[in-house]
Structure formats: structure tokens, C-alpha cells
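First subunit A sits with subunit B, and in the next complex the same chain sits with subunit C.
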Partner chain A sequence: MTNLEKYNKIFRGMFRKTDEELPALKYRGIALWDSIGHMDLMGELEETFDIRIETQDVLDFTSYEKGKEVLRRYGVEI
Partner chain B sequence: MENGLFPARIVDPVTDSNCYLLVREGRLAVIDPNNFELLEEALQKRNMTPDVVLLTHEHCDHIGGLNALRERYRTVVIGSSACARGMQSAKENMSRLMETFLYYKSGEKTFVHYRPFTCDPPDLQFGDSMAVPFADGLLEFVSLPGHTHGSSVIRFGDLLFVGDYLLPGDRVLTRLPGGSEEEYERYAKPWLRTIPDGMWILPGHGEPYRMDEEVRIRHDL
Partner chain C sequence: MFYDTDPSKSSRTMLVEDGGGRLTYGEFERFYESVSGLLRPGTLMFLLCENSIGAVALYLTCLRRNVVPLLLERNLDRHLLAGLIGTYRPEYLAFPADMEERMCGRGGEGEHGPAEEAAPVASEETERFGYRIFRSEAAHDAAADGLNSELALLLTTSGSTGSPKLVRQSRRNIQSNAAAIAEYLELDETERPITTLPMNYTYGLSVINSHILAGATVLLTKHTLFEREFWDFFRKEGATSIAGVPYTYEMLNRLSFFGMDLPSLRTMTQAGGKLSPALHKKFAEYAQATGRRFIVMYGQTEATARMGYLPAKDALRKCGSMGIAIPGGRFRLMEDEKTEILEADTVGELVYEGENVTMGYAACRADLSKGDERGGILFTGDMAKRDAEGFYYITGRKKRFLKMFGKRVNMDEIEQMLKAGFGEIDVACTGKDDAMRIYAAGADEDFCERAAAWLSEKTGIHPRGIRVLPIEKIPKNEAGKTIYKDLPDDQ
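And now, the complex of A and B:
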């Protein structure tokens, strides 16, 4: 499975969206992606990509697209 | 119970969590050691050492002072086996993302440094339930997964330590690490429904209160 497939799988599972809907997803843009959903998301990403996301980056992770940039800082190319 | 026998409450200023000191016949039980410095101050003031430490669940705001407490005192820690698993993981005990949680909880205004940590498992563990003699009574533990896998309530006479269930003004959170709405509905809720009127509820956050019909309605029990 590619990194993009893993990334999308996490978003689909957590926020119950299709691949086509993912690019538009933003933090607090849907009910499930609230602060608690965000922490859950960070936990899943850390586990999947075996990284530790710093708090500043957790806060910087404001959308599906922005998240790709954040993960790149940890050597994860999406 | 509204006298010197009522448990003292220590509130952690960072997380607002409660730690309780239950004193009976010269013996002391610490419930949820949240903040070692404040706890140590309370113990020294009473000139007491903890005989037992009881855990309602594995989240970091309820075990934040446990490691230091164990280093300072020889005591017996009691918690469920599921709690034991959770407290050994910085993800499951929530300390890994606590900085973020506190930031959001403050309305994205205050940033507090919070160091991730893990704890060794309890010395004495239980599965579904357990009873342990304590002073003139019995400590009764009941495992109630829902808020976390390792959540339990602890009963001593007409006192019920409920951890993060039945919080005043707040519905139970089942979306934090280890939480499960399904487990809450299946295991925790039916048990919480059986709490009789008048029982003292000692929550993990907020002030203690007595159980009544209004509480049942508020928590949809």
C-alpha cells in the first residue's frame, strides 16, 4: 500500500468520507473532525507512519491537503 | 458523611482533575493521584503515608502523580487489568497528545507544556470486579468500560468514585483514547442506572454531589 493509500484510508475510516471528498476536508469543517477527532487522527497517523508529530505541527495540520505538507516534514511523502 | 470523614479533594490546576484522600481508622487511600506536589503537601499536612492507591482509569490527568508517588512511598496500587494496559502507553493514557487537548480545551488560547509519560502497571489488578477490605469497610471495584477500556468505579459505603463518568454538567466522553460508545452503552450505562438515590458521587472532575433523579435525566440513565 502506498503512503497516499494509507493516508486516505485513515481519513476515510475516521471521517466516513469517500476518496473524492477527501481533498476538501478541513479541520472543523465536519462534525467528526473536531478537536477530539483531530487528536484521534494524529494518533492514527503517528502509528501508521511510525512518527511523533510535534504539537506545533499538530496545530498546523488544518486540512487534508495541509496534512500532506506536515507529514513531509517527517520524511513521509504522500 | 458530611463531616471529617468525607474524602478531601485535590484539584490539579492544569487539568482540573480530582484526586481524593479517603482516611479511615488511620489508614489512607489515595484515589487518582493527579499531581504529586499537591498530594505530597496534603500528606505531609496530615502526617500520613498512603496505604493504597486506587485508579479509576488510565488517562494521564488521573495518574500524573503516580510515578513520583511510587518513588517516594511504598504503597499498593490497585486498578483494572485494562487500566494496566492503557497506563503503559503514552498514546492510550493520552499524555502523548495532552498538550494539544489542553490547548483546545482552553479555547485555543493557552499553551501548556505537558510531557508524555507511561506508568508501571498496578500491583493488584482485577478483571470485572473485586473487593478489598479497607479499615472498617470494603472497597468494591467494578470495571465499567466506555470512557476508556480501563474505566472502573470504586465504592466505599455510600461513597462512589466514578472517574470520568457522571461528571457534573458534562456528558461522558467516549471519543478520547480508549473510549467506546458501544462499550459505554453495553457495560457502563446499565450499571450506572442502578446507583441508588442519595449515594455520594465523587467525580474525576468537578465537585461531589448526591445521586438523584435529575442526575439520571441529565446523563440519560
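And now, the complex of A and C:
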């Protein structure tokens, strides 16, 4: 699996969305991506990519697209 | 009363909104003058809340004007709201201005809104702070069902949505609880708490009440801890305290809160459920090392808000305890309705006595005329023990237990065991006698098998009685409490 496939799989699984719907996803934009969902999302990404997401990046992770930029800072190219 | 006029406070700032809005205590007096004349005393208002100046000012206006507000979350399901309106027939309905289309039935095609038949009550002040008030045409009929003169406020029972059951709180209840909280937290006018909880939730509301009593400044935000705007507002306005439920503290932990530079922060309070001992210890140690206070508290809507607190100086020494009774209150443990437990370290039902024990429940409009049904005594339904030094520990809830092959098992303890054994995993334990079901958020099959085997080994419960099932996420209410009735019903 490529990094993008892994990334999308996490989003699909957590937020019950299709690949086509992913680019529009934003934090607090849907019921599932609330604070609890966000915490779980960070945990999943950390486990999948074996990284530890820092405070500022947890706050910067405001959307599906923005998240790709955040992961790039950890050397995860998506 | 904390909501009455106090000229000595008038130049102080009462409320600050993250959008830039401000209201001094003196300006609130003008708000009250402008709005109170539009409201008839002895009536009922449904107030759809958000953490904003308009909502808090309107709430305080209701209390002073003798209009009883029922505080509801603004996003309450339309059908649930309609059901509550039908049950309680409020004279007034107030909501944020941006909800007007939806509330007046102009939002969707052919959709009816609860304020459709109601008449707007105009006020420059409420408009200025983004609120709309509507008076129901049915108000005249409802006037026959007079409200009890002691009744000040109605709240939903925390944890249960969908239920029309409300808690009836008196003037004496909210005043005495606000005063007790201000006393044990040593609040003064320099305090600046930032809202992390909705104001329609009893704990969130108690923060507002106790700080208004102290003449302090309440910082209101709709942002969550995971948004940069929250922390920008926190730093810009110099927030001095943060109030959180266990989940709030899990989020703070996740955010590496301990490394954040927050020079204005003095106090962290925690209530709304038992924090895991590991996190309790972590935050208590952080507070001790940085010269701050970490205060665990205990309460219920049925007791207005707070019943117990663990003094900051005991936070580490008594890790896992919810402390002692608040000023003016008293705890005891009961073996049954009549027999008090006097020995230390013996579990019984926790009973509280104090002026903040509420009048009782309501299930319909007619119940709002009822007087005090509890006489200052509350059987909490929580099981607790007391140590030799008089500190109380919640061990579970009276009804959340299963008989597993003849042995009594506390489902809250099962959850705590799994969290302690497997780290940060979120679990919910439910089920029937001899068939316990545990839902584990985001778990895979392998984890479920391992957890079930581990739990069986730890508890001695036969493995066929334990099923661990994966779930996408545990259903929670806004306060982070598990909504057990929303768990899957499969057997």
C-alpha cells in the first residue's frame, strides 16, 4: 500500500466516507470528526506511520488536505 | 443572589467572547433593563444555549426576572425539542440569531419549526448579542399551570438525551452551590475561567455561576481544545482556570499540554466522572511541579452541580479520591435505606445532604408547580467508600453491575481495568447477566481476543461470559460520558 492508500483507508474507516468525499473533509465539518474523532485519528496516523504528532501539528491538522502537509513534516510523503 | 445588582462590580468585565465581544457588570444592568420588561415573571423559557454573551446574559436575566429557563444545547435534535415543547409548553423560546430560519420553519421545504407560530419579542440588546426571543401564542393557556415560586432553573439529566425528565433547581440551590464553590476554590474577581464545557451542562453552568458570584470575568468560546483559536484566546485573555471532564484531560494529555507555555493558568478542575488514576496522578504532579492547583470534584445535576472536592493539597496523597463534602454539605454511606455504614473502607451507596440538593424531577408541565420533594437529602446512586481519614472514593454506580455466574461484577470497574491494562483504549461495558459485552473503539479482532482472555484471567470470570467487540467509536454525549443506550443491541 502506498502512503496515500494508507492515509485514505484511515479516513474512510473512521469517518465512513468514500475516496471521492475525502478531499472536502474538515475537522468539526462532520459529526464523526469531532474532538473524540480527532484524538482517535491522531492515534491511528501515529501508529500507521510510526510517528509522534506534536501539539502544534495536532492543532494544524484541520482538514484532510491540511493533514497531508502536516505528515510531510514527519517525512511521510503522501 | 449572585445574579442580583452589585454596584461595586459595575466597572469590572463580566463576559468576554472570542469574537471580541465584551460585557461589563454595569453593561449587564443595561441589558437587564432593556430585556426584562419584555418578559413576564412566573413563566417558562426554553433557552437554546451556546457559549456566548447573549446566552449567558439572557440566562442571568431570566433568573433575576423570575422567568424559569430550561437550558438546552443549541444543536438538540429537532424532534426531541418539539417533544419537550409539547410536554412543557414554554411561554418563551430563545435561540441564537443564526438559527432563526430553522426555528421558524423557513429553512427547508415544507419543514415546520418550533417557533413558527410564535411572535418575536424585540429587544435591541438581545439583537446586539445575537439572540432571538419568541413568545408562544399558547402562552395564555399555559399560564393556568403556575410555576412553583421557589423554582429557578431547569436542566436535563446529564447523560440521558431523549428523556423529558428534568431536574428542578431552586433559587436557594443555585445560590448555595455557587457560594460553596466560590469558597472552596477561593475565587475572587481576578479569576478568568475559559469555557470548555457547554453552559447547559450543570458543571459548565456552575463555573459561570460561581465566578459571577465572585465578580470575576468568564471567557466564552465555542472552539475546542483541538483548535488553535482556543489557545490564542486563552493566551490573549490570560485564562486562569480550565474545567474539564475526564475526556478533556485525555485531550490535554494528547496535546502534550504539559509542555505548553501558559503563564496565566492557575487552576485545573475536573468533574463529570472519574478520571483514571494514572491521569489524575499525571495532572496532580504537573500542578505540584508548576505551582498550580489540580482539583478533582464530584457532583450531579440532582445536587445542582457540586457535592465533593479533593483539596489541591491532597491531590497526590489521595490520588483516585473525589475528596470530601463541599462547605455546608455532608456525605454518609448507606448499606440500605436505613442502615448507615460507619466503618472505613466499606462500600455503600453515597448519600449527600445539603442546601444544594434539588427539589426533584419534572416529567410534565404540571410538575413545575411542585415544591421540594427531597428535603435536602439525595441518594446519589453512586457506590463509594471512605478511608480512615474521611476521604471518599467512588467505586461505581448502583445500577451498573452484572451478575456473572453468580458473582457481582461492576461494569465501570471492568472498563477501568481494561483502560489500566491496555492504555488509552476507549471501552464501554454493557450486557446482561452471564453475558457481558465490551465494545472497544477502533479495536481489531486480535485485540478483542487478547482483551477477552486477559479480562477473564484477571477477574476469574468464565471466558464464555465475556465478549469483546470492535466498534468504530463509543457513543458519547457532549460531556464525554458514554451513552450506553446508543451501543449496538446485538446479542
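Note that the second predicted complex is superposed on the first by the 78 of 78 C-alpha atoms of A that agree within 3 Å, B and C clash if a C-alpha of one lies under 4 Å from a C-alpha of the other, contacts with A are read in each partner's own complex, and residues count from 1 in each chain.
Keep this in mind: contacts are C-beta pairs under 8 Å (C-beta built on N, C-alpha and C of every residue); 3 or more make two chains touch, one makes a residue touch a chain.
Bear in mind the structure is a predicted one, so any value in this text is a computation, not a measurement.
In the superposition on chain A, A:16 makes contact with subunit C only, not with subunit B.
Of the two partner chains placed by the overlay, subunit B and subunit C both lie in contact with A:43.
Contacts of A:29 after superposition on the shared chain: neither subunit B nor subunit C is touched. Contact with both subunit B and subunit C is seen for A:59 once the two complexes are overlaid on the shared chain.
For subunit A, the partner that touches more of its residues is C, with subunit B and subunit C as the two candidates. Shared interface residues of subunit A (contacting subunit B in one complex, subunit C in the other): 35-40, 42-43, 55, 58-59. Interface of subunit A with subunit C (complex): residues 13-14, 16, 27-28, 32, 34-40, 42-44, 54-55, 58-60, 62.
For subunit C in complex with subunit A, the residues that touch the partner chain are 224-228, 231, 247, 250-251, 254-257, 259-260, 424, 426, 441-442, 472-473, 476, 480. Those residues of subunit B that touch subunit A in the complex are listed here as 91, 96-97, 99-101, 103-105, 111, 173, 175-177. The touching residues of subunit A, counted against subunit B in their complex, run 35-40, 42-43, 46-47, 55, 58-59.
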